[in-house]
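Quick heads-up: structures coming right below.
Both complexes below contain chain A, partnered by chain B and then by chain C.
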Partner chain A sequence: MILLSQLLLNALVNAAIFSLLAVGFGLIYRSMRFFYIAYGAVYVIASYAVVAAMQISGFPLYLSIGAGVFLGVLAGVLMDRTVYLPLERSGATPGVLLIASLGLYILAVNAVALIFGNEVKILSRGIEPSFSLGPLVITRMQVIQFLVGWILVTGFWLIIRKNTLMKGIWAMGETPNLVTALGLPCGLMRLLVFALSSVFAGVASLVTALDVGIDPHVGMHALLIGAVAVIVGGVDVYWGWIGGASLLALLQGMAVWQFSSRWNDLITFGILIITLLFRPQGLFSPRKRREER
Partner chain B sequence: MKGLKIKKLSKAMNGLKIVEQVTANFLPGRITALIGPNGAGKTTLFHLITSELKVDKGEIVYGDETITNLPPYLVARKGVGRLFQDIRVFGNMTAFENVATACYGPCFETPWFPFFNLKRMKSINNDIRERAFHWLNFVDLAEKKDHPAASLSYGQQKLLAIARLLAGGFSLLLLDEPTAGLNPVMIKNVLRLLEKIITEDRSKTVILVEHNMGVVNEVADWVYFMNEGRIAFFGRTDHVLGDKEVREIYLGL
Partner chain C sequence: MLEAKGINAFYSRKQVLFDTSISVKEGEKVILIGPNGAGKSTLLKTIVGLLAPTKGQIAFSGEDISSWSPQRRINSGIGYLLQNENIVPGLTVEENLLLGAYPIKGDLLKKRVEEVFEIFGFMKGRLKDRAGFLSGGERQALAVSMVLMKHPRLLLLDEPTAGLAPKAAQNILEHVKKAQDVIGVKAVCLVEHNLKLALEWASKVIVLVQGRVVFTSDTPELFINNPEELEKYFFE
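This part shows the complex of A and B:
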């Protein structure tokens, strides 16, 4: 029972991080409808920027964190301006964008591996102080992850809930030509979406890296968590993304309890396939009429 | 009073001349119809005016500003609004939100504007709500305001698109087959609407692409007849529709 409660507690912390990843991915997926693989690259770049700032330039931690998020945002926005936007302007299909995005991801990960090496980089040394809640234990870093994740995700929702700009951005995902025909600047909205998405990827990356370190290849894992959470939860519902992320975290926790953590990826894809088969619009989306599909 | 002037406009795609040396004048307070066989370049002309396609040669002047090849959203900000041939609504959004989207323009001066001007946003949002309801009422869709647009019927979606266009406050309306696919009652409604628009606000310019000659006859004051990318004929409606060549090429009479 104690083990189960401990795992549930851990799942709650993981759910916070997964939610960050889902919101970052969902922002792009809902507003541009393309599968943003290079999201994983942004994730990796943000943490390695911290590594560079701390261990090479000797910046203090809080400055490095700022630098990490900033460079992540810069990377995300630059990728859009130099690759996706020109491709889209020349009439590229979503398939082409997907391949381009995969290319960017591979490019970025290999560049990072070349510069920093393939091994895991540890950002914080020493043993994390931990607190006990009765029989349960939670580390300081987990508390930080929990708070940062849930505060950001909820706060962002409060800001965008009734925001006109975000409505325009969601509309852009449905019919981009129509949005420009109504006088809304797609370029500006894209810029904002990529920047915001990168902030979420960067923060998720940093709170994880400060706990367990970072290696160049974790980006793909982060991307998959974000993407599966969004698709499972339902693309057009903000809390669906969070629901999807929480469900993933919970099931992964259960898998650790019953089998071992090696089953995690199987759980992730299993739930994706089951959802796509039985409820393709996502678990938390309202059902659609037949003619709307 | 703004009118639209098109001067020697040309556009070729894949070596094919789609619009060639088109010169036309569209006056405010008037409904001008653009007719012609399929593939004559009518819709392409609309694409060129709204900058969805780049102009090869020529000039488009609206009021006293040149709008040739401006980014599409800036063309829209100058007051050029368009109703698409394949009705386009935001299917996942409610009817109300669909109309409201057309009023968002002013909130987008900077990407952070809506986040940091909360006080002004409140009054802007109230204004948007009022306008959106007004125009939903105007097309008789008020009771559908909370329904997702995709759940509306074809004709209702068309009316919704028209309401959105009107809510946007555009002064030049490019209507691409506004009555296609509608039932006779709906067509009457749309025509009444068009007449209402133009009589209520004489500064509006309406350009209509239409295959239904009954509609053209009823509402249009002036007609341009396009064939193979060129303006083949133009003049008063009865004059053009009565022309022998037009009747042979287009009407098959």
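This part shows the complex of A and C:
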């Protein structure tokens, strides 16, 4: 029972990180309607920017974290301005954007591996302090992950609820022509989408890397977690993304309890396939009129 | 008020507008009619900047707006109602109205919402409803309201009565007339397939066939009882 409780506690922390990944991926998938594979590259770049700032430039941790998020945002925005936006203007289909995104991901990951090597880079040294909750144990880094994750996704939800421009971003995926026809600042909204998505990817990457380190190839895993959470939860509902992320974290925790963490990918893709087969609109998607589907 | 001169426009390699010119003066209610594929919707899209013409000039209130972005055109006083997907079904009625009003805030925003209630009274009790659950007529009313939120001086409406029952269609046009009084819309240009209904409403008729203006009249009332006089242009 204690083991199960401990795994549930760990799942709650993982759900916070998975939710960050889901919100970052969902923002672009929902508003731009293309599968943003290079999201994984932004995830990797943010943490390696911290590695460079701390270990090469000798910056203190808090400054390095700021630099990591900033460079992640810069990478995301630059990818849009130099690749996606010109492609879209030339009439590229979502399929072309997906291939371009895959190309960007491979390019970025290989560049990072070339510069920093393929081995895992550790960002924090020493033994992480931990706290006891009765028989359960939680590390300081897990507390930070939990708080940062849940505060960010809840705070962002409050902003979406109150801010009209955010509602415009939400509308972009559903009715892109309408957003233009209403005179909304589409250029600014697009910039915001890529910047905010990168912030979520960067923060998720940093709180994970500070705990377990980073290697150049973890971006694909982060991308898949974010994408599966969004699709399973329902593309059109923000709390669906969080619900999908939490469900994934919980099921992965259960897999560790019953089998082994080696089966986590099986859980991730199993739940994706089951959802696509039986509820393709997502588990938490709202009821819609037939013509809206 | 609006002057579009010598417009050529293409979808990919297919030319849709051929040296097309129209003008809308202050106080006019213009209907743009023609068979399917005549280029009526394309002309409105070009005027509002959603489609870039390869040739021609567009002036609004005496200013050349040909190089302006759609955002600048809309914010300068042109209101444009899309034919399809003209509301956001996933948002509430209120959220849709706020989108139409962006970037207006505060007391002015409240005033604009009240004006919409004055025109479309039903909306007051439906603000928190999901827009996707509105009926066809209510959706069109919401779409028109969203366009009115910025107080456009010129309204470009692309088939606002499409898919509506005759009564609901007439209702929408009556409300557009009411909007002219309540918020001071100076001119309206409407694409419409229901000829009889539109002719009763309009002060000017323009017939567009295969991307060219083939007939213009300032006396649409003459055709109310014999719209076939206009329809003959469709097949020439």
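Structure notes:
The criterion applied here is as follows: the second predicted complex is superposed on the first by the 287 of 293 C-alpha atoms of A that agree within 3 Å, B and C clash if a C-alpha of one lies under 4 Å from a C-alpha of the other, contacts with A are read in each partner's own complex, and residues count from 1 in each chain.
What we mean here is this: contacts are C-beta pairs under 8 Å (C-beta built on N, C-alpha and C of every residue); 3 or more make two chains touch, one makes a residue touch a chain.
For clarity, every value in this text was computed on a predicted model and none was experimentally measured.
Put simply, more of the residues of chain A are touched by B, taking chain B and chain C as the two choices. Contacts of A:N177 after superposition on the shared chain: both chain B and chain C are touched.
Once the two complexes are laid over each other on the shared chain, residue contacts for A:V137 go to neither chain B nor chain C.
In the superposition on chain A, A:I159 makes contact with chain B only, not with chain C. Once the two complexes are laid over each other on the shared chain, residue contacts for A:D236 go to chain B and to chain C alike.
With both structures placed on the common chain, the touch criterion links A:K167 to chain B and to chain C.
Using the contact criterion defined above for the overlaid structures, shared-chain residue A:L192 touches chain B, although it does not reach chain C.
Shared interface residues of chain A, touching chain B in one complex and chain C in the other, are 164-165, 167-168, 170-171, 174-175, 177-186, 236, 288-289, 292. Within the complex formed with chain A, the chain C residues making contact are 48, 50, 70-71, 73-75, 80-82, 85-91, 95, 98-103, 130, 132-133, 146-147, 150.
On the side of chain A, the complex with chain B involves touching residues 159, 162-165, 167-168, 170-171, 174-175, 177-189, 191-192, 236, 288-289, 291-292.
Considering their complex, residues 50, 52, 71-74, 76-77, 81-82, 84, 88, 90-93, 97, 100-102, 104-105, 107-108, 110-111, 113-115, 121, 124-125, 128, 148, 150-151, 164, 168 of chain B touch chain A.
Interface residues of chain A facing chain C in the complex, by the touch rule stated above, are 164-165, 167-168, 170-171, 174-175, 177-186, 236, 286, 288-289, 292.
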